[in-house]
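Input: structures, listed below.
Paired with chain B in one complex and with chain C in the other, chain A is shared by the two complexes that follow.
Presenting the complex of A and B:
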């Protein structure tokens, strides 16, 4: 039976999210719905100031994160939060990613079973 | 292979973590208001069907079991459809979480009902109060993923349940001992969901 057309297209693998640093940023923000300060986010994602700023501005332009500049104890503070739209897109991405891993696991299981099958006659 | 399994585990953990911090929007205010109506109908019908509930507990049970089953069915269907619409990617996780919070109290209520009716029938008058207390525990458990004001209906059920038990005899089987608390409580839950729940556009997915 031919494979379903576009079965492995994985169109949900959003290019914007599918980048290691942005994936870390979004995952951190998603698991902290009240938001994270720039400093906290930088530490969690092991990014430099410049790198984090660049990725945050890309995500902000796309409406996936909200950046609020304010003051905490008279010191400037930048608070980053994921938006409802960002959360929706991240979850869609996660669903596709899960499908990719499931497919890969299925293939790995299949090839393992095949190699075991090939081994048997030789063992005998 | 182990890496792939671990990756799947990580994805599942992320989804679970997000679900834990997301307000559940599966319970619909209209469905909750309908369950309040079922309570009123059952209380109205009870005197015509069961004249002496203390001596015919199974008939009394049948009326309220029918109301509970209808309510559960309606709530489940609404929960499934609303959850699919409002939580899409998180839907299954959110439903699983809601069930984990509420189902234990339903199970405990069912088991205790069987024990009271068939093993110690002389205390069957405790059922209405007992059901309300058990229901309040289910609502309290669900409060974690619902608006904070959901504590109010939970407290109402606990209070009415304890009061019903305090009646201390078969007068507790009067139809409105069940009808009034469940009608009020369910309407209160509907109001909380309608006016205090997260706005639809704020919901994750």
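Presenting the complex of A and C:
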């Protein structure tokens, strides 16, 4: 009995958002609606200046983020915010991401129940 | 008050698994522990022969899937299965994916509550 065609295609996983660094940036901005400075975003996402600049520029060109160059206490400061369009796109993406988690979670639950309760190794 | 460094870095988003086609393939195989034929997998993931072959080969080289070429009713048939190692890697990845969903879900809930209850456009 063949399952529905495309059942696991996850076409809603928007490639622009799915890339790990951009997913980090957008989730940070979504959860900080007043915006984050370039410096804050860089630290939260553990990205280099160059990588963050590159990904922000891709997202800005697509209209998903807004980048404002200004000053704070006479020092240049770049403020980044998610746009209403970016939020809409992210929330559509999130629906598919939640579906992936739902599909996998039943199996994951079974595995945890069957595991021998081994501890995760402590982080170095 | 600065938030924890790397709070949104999501370093557990294993690049080998996160790529959309491979996430499709691995989720299909995880939820079908007896394995799927190449033809079934292709349909479930909406991939072309070439794309599926390429991604399966990447996953096989990494030890995450097992590919057995055999015969069924005198016709060649390729059976694909996730390995124990592949399942372990996927479940580690899933923990971070669930964290992304948790981080975003609070905001998403707020948005749904604030929306005007507009229906999603029907699929064409």
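Odds and ends about this structure:
As a working rule, the second predicted complex is superposed on the first by the 103 of 124 C-alpha atoms of A that agree within 3 Å, B and C clash if a C-alpha of one lies under 4 Å from a C-alpha of the other, contacts with A are read in each partner's own complex, and residues count from 1 in each chain.
In the analysis below, contacts are C-beta pairs under 8 Å (C-beta built on N, C-alpha and C of every residue); 3 or more make two chains touch, one makes a residue touch a chain.
Because the structure is predicted, anything quoted here is derived from the model rather than measured.
With both structures placed on the common chain, the touch criterion links A:91 to chain B and to chain C. Note on chain A: of its two partners chain C and chain B, the one contacting more of its residues is C. Once the two complexes are overlaid on the shared chain, A:30 sits against chain B and chain C alike. By the touch criterion defined above, A:45 reaches chain C but does not reach chain B. Residue contacts after overlaying the shared chain place A:67 against neither chain B nor chain C.
In the superposed model, A:101 makes contact with both chain B and chain C.
In the superposed model, A:109 lies in contact with chain B only, and not with chain C. By the document's definition of touching, of the two partners only chain C reaches A:6; chain B does not. By the touch criterion defined above, A:18 lies against chain C but remains apart from chain B after alignment on the C-alpha atoms of chain A. Counting contacts by the rule stated earlier, residues 27, 30-31, 33, 87, 91, 94, 97-98, 101, 104-105, 108 of chain A appear in both its interface with chain B and its interface with chain C. The touching residues of chain A, when paired with chain B in their complex, are 27, 30-31, 33, 84, 87-88, 91-92, 94-95, 97-98, 101-102, 104-105, 108-109, 112. By the touch criterion given at the top, residues 1, 4-5, 7-8, 11, 14-15, 17-18, 21-22, 88-90, 201-205 of chain B touch chain A in their complex. On the side of chain C, the complex with chain A involves touching residues 2-11, 13, 15, 18, 20, 23-25, 27-28, 30-31, 33, 40, 43-47, 87, 90-91, 94, 97-98, 100-101, 103-108, 111.
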